[in-house]
Structures are given as structure tokens and as C-alpha cells.
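In the two complexes that follow, chain A is the common piece, with chain B as its partner first and chain C second.
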Partner chain A sequence: MSVAWQFYISTVLIYLGVDVIACWGLNLQFGVAGLVNFAFIVFQAAGAYTAAVLTLGPATPVRLGGFQQYVGGAHWPFPLPVLAAGLVGGVLAALVGSFAIRRLRSDYEAMVMLVVSLIATSVATNQVGLVNGPNGLAVIPKPLATMVDLSPIDYQWLFVGVTAVICVCVYWLVHIVTSSPLGRTLRAVRDNEAAAAALGKNVTGLRMLAFVLGGVIAGISGAVLVEFISAWSPGSWLYPETFIYFTAVIVGGRGNNLGVMVGALLVPVAFLEATKFLPQFGPAGLTAALQWIVVGTLALLFLWFWPRGVIPERRRRFPAAASTPARRSLIRARSGP
Partner chain B sequence: MNTLVPAIGFGIVTASILAVAGVGFTLQFGVTNILNLAFGDIMTAAAFVAYLVTNAGASVWVAMVAGAAFGAVFSVALNRFLYTPFVRRGTRLFGMIIVAIAVSLIVQNGLLAIFGANFFSLRMPRPTSVHVAGMVLTTVQLAIIGIAVATMIVIHLLLRYTKLGKAMRATATDPELARNCGIATDRVIDLAWTISGALCGLAGVILVMNVTAFTDTTGSGFLIPIIAVAVLGGIGQPYGAMLGALVIGLASELAAAVFSPDYKNVVAFVILVIVLLARPQGILSEIATRKEVAA
Partner chain C sequence: MSEPAGVLLTAADLYKHFGGVHAVSGASFTIPAGQISGMIGPNGAGKSTVLNIMAGVLRPDAGTVSYRGHDITGHPPYKVARQGVIRTFQLSAEFSALTVLENLLVAAPEQRGEQLWQAALGKWYWRPQERKNVELARELLARFEMAATEDEYAGNLSGGQKRLLELMRALMARPALLLLDEPMAGISPALARRIEQHLLDLRGEGLTMLMIEHELAVVERLCDPVIVMAQGRVISQGTMADVRADQEVLDAYLIG
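Our next item is the complex of A and B:
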């Protein structure tokens, strides 16, 4: 395999890893807990900015020739910025959730989230001192690059490995949540909020938990992405990007971690990468516009024909309480003479 | 003080545009419970229709009518051929939001694909400046205020003195009961989309009359204040939306004058959050609680 192809494939794999992580996070919120988080990309962005700033080191003032201004720069060794990004994603989610997750009807919730997303872009763009405004952050050092002495292509594969390890960790986290009684409760809240509340479940608390966990995962995905591409600006996280993740989750099968992984492979990766091989035609920007039209149409088609996705969520059946032998004998004993 | 008085003038102009758009948004949302997030993009599309009409040599008044007509036809078609079929197929609230966002992206990028990433402006007679009570407004801006006031009066008369207003309120409260009472709810819903679409188109045209240049994203950028207006006024309350438009229009222009023009939308957002925190029942108004989409 030529070096160019190796570069391409490793890059696509890293993007896939980032998208899979992000889709798991969104699936936890949207697929499992039924939260319509249209600000998802904001949490990814927050994680990316955190990781970037914590890797870049303190900002050089403009008078000393610094070309980017931001707050809280530090030189943290590799895994720490990623963990901090997850933390910031979670804290931000708790903050946004404190006013957005309040038993609102899901369309109001979506409306508020959409507004959060637009406002976050506006603040990050206009508060230049915060994260360098519209120009964003650049030349973010690559993790471990100074410690390991590798050729660029070997470094690419190292990064693929690192991304894979993070993917496995995140999968482990989402799997624990979705396969545990907690996941069952979350699905119950999603499917019938009133019934779950009647059984004494803290509906708002549970939704908040799923929201914060999703925020943590979104933050981590942003950190991995920014450590790889070394640059981040408001243009990288406009609100339609969230829609791509939503489409991926719907196409893959909401509520199903495996399905969502397939969705991440199909929509952001296969679909948007494949178009790079098409010849450019028409004026600049036409291809991008058509891409969005196709993604929108794809979402509509799936919602119409396969609303449960390529790999639908498994229907879980639990034996009725009275049908298990132990219980039955208990009931018999109680209702005895 | 010197900057505040002109800001009030601009605030009234913004409020006028917001009132037209906000009343349209809230009427449709209140009756059908479909959060039409493509509203801003339909505004842009109507603006492009107006652009084509003025380029063909017609006056801006004709363009306004054309924009409103386009908005009405497009909205009714959108509901008939896309939203309603999805609702009948069992798509729930959050599914409908995805559908609406998909429409929004398709419309916006469709305009981008057709017209290209350029700046456009309506061909209009050069406006002259008028001094009103210390505020300097252009004749175009005065016309916008006049159009908004006239539109609000028409809407008021329509809702107050025709059976349609009553039928709309009935449909909004309980579509099934309304149908059983002999109200042709399908027709009421169609009419709600028609009025909402016409107001949407009109708002799109007057919005781009007020700016020097517009692009494919002009309308969608206006969506936050529209949502804030609808929420502040209480979903489905046209009079609330009128008041909300005045509050948000003035507040955002004053904030632009005092802080920075970049924070116009932030004011709308802050108001939205305060309403949510302080009066969540304001957003969950009586007609909107625990209700699925109507079709």
C-alpha cells in the first residue's frame, strides 16, 4: 500500500473513531433517554477547545508576537487534556441541562437546544479573548509527538491505535449504562414518562444523568478530533453538524449502540468521504450545498421507510413477575388458606 | 442618550418585522403543534422570490405580494405533502423536529445551489431619511412599520370578528373534540398554514428590505428572535406575540447600541431562558400541555 493511501485510510479511521464516539454520546441522550439535544455539537466543541487550550500552553500576549488569544492555557501531558475535555463537556451539559431539561415537551426542549447552539457559536466568535474568536485555535501540538520518534505515517497509525483505545473505553462506558438497570430505567422514561414517574423514578434526574454522560462523551470526541487535526474554529461546529450526527443515529438505529456505530460509518464517513472522490462541478460551494440536501433527504427517507434504522433497537422482553417459579410459589403461599 | 434614541427607532423597525413573523409562527404552532423550524428558510425563499420579481421590473409592492403568496403556497404544500403524512404515519414530536430541520437544510442549501453564495439586494427606489421625534428613519423603514401595523390590524379583525378565529382556538385546544363539534379541522389547519405562510413570506420580504444585502442564511439567522417572541408571548397567542415582538425588538436594538451589535441574538436568548426558568408554564401554555401533534 502506498504511503498516500496509508495516510488516507488512517485519517478516515481516525475520523470514524471520533464520529463513532460522538454518535454513542448522542445515542445515550437521544436514542436511550429520548433527549433531543440539538446543541450536541457545542459539547463536542467545548471538549475540543479545552483539549486545545490545555495542550497549547499559556497564550503569548499580542505585543510579544502571539497570534492567538485564549484563556487558561497549559501544557498538560497527553491523556489529561482528553480527560479534562470530558469533564468540561459534562460540566457544560449540567449547566445547560439545569435550564433546558425541565420536563419540557420534547419540541420545546429541541428549540431551546437549537438556540443554545446558535448562541454558543455567536459567543465563541465574538468574545475574541475566549478562544481566539472567528479565527479559532491552530498549531495545536500533536499528543506524544515529542516523546515518540516516529515517521509521519507511523505516527498516523499510532494515533489510530490511541483513538481505538479511547473508542473501546467509551464503548465500555455506554455499554455499562445501556445494559444495566439504569439503561432500562432510562428507556422506560423515554417510552412512558408518566408511568416511570408513577413508579417512583426521578424522571428529571435520570434525564439529567443521561444528558451529562452524553456531554462527557461529546467532550472526549471533540478532544480526540482536535488533537488530530490541530485546529479548531467556530466554523467547525455550526449547528447543522449536529444534524449529521442525528442522521447517523437515526440511520444506524437509535437506542442500539452497534447500530449507531454502523450509522457513523454510513453517514459522516462513507457518505461525506465518498463525495470527495466525485469530480467538482459547478461554482464553488455547490457540492457542499448538494451534500446537505442529500443528507436532509436521507434523514427524511429513513424516518419514512425505516424509522427504526438499519439495526433496530432490540426489543427486550422480561418475564412477567407472576410467571417465574419462585414468585409463583411465593404468591401461592401468600394466598394460601 | 444620543445613541439610545435612534436605537429605539431601529428597535421599532425590528419589532415590526418580528411581529409579522412571530404572529405567523405562533399561529401555526399553536394550532398544529408542529415546530416548523424551516420558518426562517421559507422567509429567505420568499425574499428570493421578491428579488426575482423586482429584477423583472415590478415594484417592491408587487414583490411583497408575490413573497407572501409564495410563503402561503409553500407552507400549505409543505404541510399537506410532508408534515401531515409524517404525522399520520406516527412520527412523534422529536421525529417531526428532525423532519423540519431536514426541510430547513434542504430549502437553505437549495437556495444556495440555485443562487450561489453571493450577496443580494432588492431593487427599490432610493429611500430618503425622515426625522421623527429625534429618530432618523428611512422611508423604507417607515413603510415597514406601516405594513406591520396594518397586518396586525387585519389579523386582529380576522381572529376577533370571523368564525375562523374561534375555530382555530377550538382546533388548538382539542382537534378531536372540535371535529366532533362540526368544525372542519382540516380546513382550519390549512387556513392556519396559509395565514402563517403568508405572514412568513411577507416578513421575509420586509426583512430584506431593511438590510443592505441578504444571503441564503438571512432568514434562518432571524429564527432565534422569532422563537423567543413566540415563547415570550405564549405559544399560540398572537396578541402575546405582538407584545413579545415589541419587547424583544426594542431590547435587542438597545443592547446592540449599548454593548455590541453582535449580541442582538444573545438578548433574545437570555429572555427565552428567563421565561423558561421563571414561568415554564408560560411556555407550556394551557393549549400546549401534554399534547401530540395535530393532523
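Our next item is the complex of A and C:
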């Protein structure tokens, strides 16, 4: 395989890893817990910025020739910026959740999320000292690059490996949630909040938990992406990006970790990559604009005809019992005389 | 605060208004242990509002609810439920994308593996308890003749099956006091009789219930004390015979 192809394929694989991680996070919130988080990309961006400033080192003042201004710069060794990104994604989710999830019903919740997304973009763009405004951050050092002496293409493959390891860790996290009684309770909350509360489930706490975990995972996905592409700007995380992930989750199969992985492969990766190979037609920018229309149409088609997605949520069956146990009373002992 | 002997729950002077509508204005009653209390009254009498106050869904403007001698007024629904007060819904409230068996498993109290750290410990930590809960759920399914629907999505059940699921799920939550909001609404007479029999059996096992019901014949067959509500107040509480003799009750029904 030529070096050019190897570069291309390894790059696509890393993007796939990032998108799969992000889709798992969104699936936990939207697919499993029913939280319509239209601000998902904000948590990914928060993670990306966190990882970026913790890798870049302290900002150089403008008078000394510094070309980007940001807060909290540090030189942390590799895995730490990614972990910090997860932490920041989670803390931000707890913050946003404290007003968006605790008090509101899901339709209003979705509106609040959309507003959060718009506000976050405009703050990051206009508060230049925060994360360098509209130009965003650039020349972020590649992780491990100074420690390993590899050719550019070997480094690419190393990064694919690192991404795969992070994918496995994140999968473990989403799997223990979705395969346990906790996941079942979250799905119950999604299906009927009032009924879940009436059975003793702390609905607000459970929804917050799913929201924060999704925020942590979103932050990690952003960190992996920024460490790879070495740059990040507000233009790359506008709210429509969230809808790409929503489409991926819907197409792949809400509530199914494997399904949304396929969704991530089909929508942000295969579909958007394929358009790059189309011959140029019409005025410049037409293909890019059409992409959004086609992605929207895809989401609608699936919601109409295959609402459960390519790989639907698994129907949980339980093995038959070995013997029929004796009938027991289900009633709690009463107090008093 | 302490209850008189044999009383499980006491509602004292409850008030609740929604805008200008006084849904409940001064309702007081007691729920004796080990019996099925009936709650009757015309539409808009405040029965469902009172049930929602007891279940913690609504906070009363005034008045208190005490359960087993503890004031539970204004506790959130999940805390009320964890103390053993379990309510059902007038309209079926199944978890539609979960199977029938899963619907029951969700209701099991104090599950291992329902906290994140417990889930992280892995299957070996919560599986044994889960097996017991599956057994318990299957006993219930057998008892209610619903075993064949175990793996069916709850959303696909018929209206009558959903009512049975609602009841089974409430039992799975190990109630000490079951609040039933029209458990036989909109189902066939044959199934209604089956549910009646189940409720009688449960009473025989010592379960305390409060049932909102419009069908007076049913109330007469099942309920020992009857609470009559009209215009937000409890206008009578006693045996069905006492209540029938009450002129105010007759008026409420004729006018309401």
C-alpha cells in the first residue's frame, strides 16, 4: 500500500474512532436515557479545548510574539490531557444539567440544549482571551511525538492504536452501564418517568448520571480529535455537527452500542467521506450544502421507516429457571400491632 | 406523630388548588391496615389529586400525610415509593420498549447494580440477586396467567394485559400500601372479575390497599371502609352501609 493510501486510511480510522466514542456518549444520553441533548458538540468541544490548552503549555503574551491567547495553559504528558478533557466534559454536563435537566420536561430540555450550543459558540468566538476566539487553537503538539522517534506514517499507525485503546476503555464504560440493572432502569426512565418515580427510582439523579457520563465521553472524543488534528476552532463545532451524531445514532440503532458504532461508520465516516470522491459539480460549496440536506433527509427517512435503526436495541431475554420455586409473599411486613 | 392502632396512613386536612380551581379543600381520612379502602365520588371530586398528594407527585397547599407515624408530606415520589407506598396509574404507564419481564425487574427494590459503582463491579456482583428477582417476577407472571408474554414488549400488550402488568409491577416493588387509581378502567367484565379476585387474594395475604373506583358494585364487593369525596372534601367515611344511609352522599351523587 502506498504511503498516501496508508495516510488516508489511518486518518479515516482515527476519525472513525472519535465518532464511535462520541456516538456511544450520545447514545447513553439519547438512546438509553432519552435525553435530547442538542448541545452534544459543546461537550466534545470543551474536551477538545481542555486537551489543547493542557498540551500547548502556557500562552505566550502577544508582546512577546505569542499568536494565540487562552487560559490555563500547561504542558501535561499525554494521557493526562485526555483524562482532564473527560473531567471537564463531565463537570460542564453537571453544570448544564443542573438547570436543563432537573426542572424541565424533555421538549423544553431540547430547546435549552440548542440555546446552550448557540451561546457556547458565541462566547468562545467573542471572548478572545478564553480559547483564542474565532481563530481557535493551532500547532498543538502531537502526543508522544517527542518520546517516540517514528516516521510520520508509523506515527499515524501508533495514533490509530492509541485511539483503539481509548475506544476499548470507553466501550467498557458504556457496556457496564447498558448491560446492568442500571441500564435497564435508565431505559425505564426514558419510557415513562412518572412510572419509574412511582417505583422508587430517583429519576432526576438517574438522568443526571447519564448526562454527566455522556459529557465525560464527549469530552474524551474531542480530546482524541484535537490531539490528532492539532487544531480546533469554533467553526468546527457549530450546532449542526450535533445533528450528524444524532443521525448516526438514529440510523445505527438507538440504545444499541454496536448499532451506533455502525451508525458512526455509516453517517459521519462512510457517507461524508464518500462525498469527497464525488466529481465537482455546480457552484463551489454546493456539495457541502447538499450534504446537510441529505443527512437531514436520512434522519427523517429512518425515523419514518426504520425508527429502531439498522441494529435495533436488543430484546433482553432471561434463561429459564431450573426449577419452579415455592410461592412467596410479596407483601412487606406491617408495623404496629 | 403517631397513628391510632391499625391505621397505616392518615391524611389530615389536605388542601390543593390549581389556579382558581380548588381541587381538594379540607380532605381528611385514614387508611386502615390490612383492608381495601374504596374511594368514590363524582368526577372532579378530587380523588386523583388526593392520590397524587399521597404518592408525593403533588405537594399540598396545606395539610399533612403521615404514614406509619412519619410525616411524608411533600416527600418526592421516589422516596414515598421506597417506604412501601406504591401507586398505579389510571392510564397504563408501562415501559413500552422493555419486555414484560424487564418491566417487573425494574420495579424490584434495592437492586444491586443499579448504582454506577455497583455496575462497574461487574456481573458477578449483581447477577445472584438478579436471578432471584427473575424468579420472583416469573412467579408473579404465573400467578396472573401472563407467563406467555414474558418476552413481549410491554408496548405491544393489549389494554387488559397492560392493566395486569401495572398491578404485577406494583407488587414487584414490594408494597406495604398499594394505591390503585381505577385498576379496572376500560377492561372487559371478565378481566375485571379476575382483577377483583387478585385484589381479594392480596388482601388475604395482608396487603393494604386504597382503590379509586367508579363502579359501586365493585366497591361493595371489595372495600371494607369507603371514603366518599365530593367537591374536594371527604363527605363520608365508613362501611358501604353507613355511606348509603348518608343523605349528603346521596345528594353528592345525584348532583355531581
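Operating definition for what follows: the second predicted complex is superposed on the first by the 316 of 337 C-alpha atoms of A that agree within 3 Å, B and C clash if a C-alpha of one lies under 4 Å from a C-alpha of the other, contacts with A are read in each partner's own complex, and residues count from 1 in each chain.
Quick note on the criterion: contacts are C-beta pairs under 8 Å (C-beta built on N, C-alpha and C of every residue); 3 or more make two chains touch, one makes a residue touch a chain.
None of the values given here were measured: they were computed from a predicted structure.
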{"item": "First, second, both or neither for A:182, with chain B first and chain C second", "value": "second"}
{"item": "Touching partner for A:111 - first (chain B), second (chain C), both, neither", "value": "first"}
{"item": "Touched partner set for A:191, first chain B, second chain C, both or neither", "value": "second"}
{"item": "Touching partner for A:36 - first (chain B), second (chain C), both, neither", "value": "first"}
{"item": "Contacts of A:299 with chain B and chain C, given as first, second, both or neither", "value": "first"}
{"item": "First, second, both or neither for A:61, with chain B first and chain C second", "value": "neither"}
{"item": "Complex contacts: residues of chain C adjacent to chain A", "value": "3, 5-6, 8, 33-34, 55, 57, 68, 76-78, 81-82, 84, 86-89, 93-99, 101-103, 105-107, 109, 111-116, 118-120, 122-123, 126, 130, 134-136, 138-140, 142-143, 151, 153, 169-176, 202, 205-208"}
{"item": "Partner chain B, residues of chain A touching it in the complex", "value": "30, 34, 36, 38, 99-100, 102-108, 110-112, 114-116, 118-119, 122-123, 125-126, 240, 243, 246, 250, 282-286, 288-290, 292-293, 295-297, 299-300, 303-304, 307"}
{"item": "Chain A residues touching chain C - in the complex, by the definition given at the top", "value": "176-177, 179-185, 187-188, 190-192, 194-203, 209, 213, 255, 313, 315-318, 321, 324-325, 327-332, 334-337"}
{"item": "Residues of chain B defined as touching chain A within the complex", "value": "33, 35, 37, 82, 86, 89, 91-99, 101-103, 105-106, 108-110, 112-113, 116-117, 224, 227-228, 231, 260, 262-263, 265-266, 269, 272-273, 276-277, 280, 283-284, 288-290"}
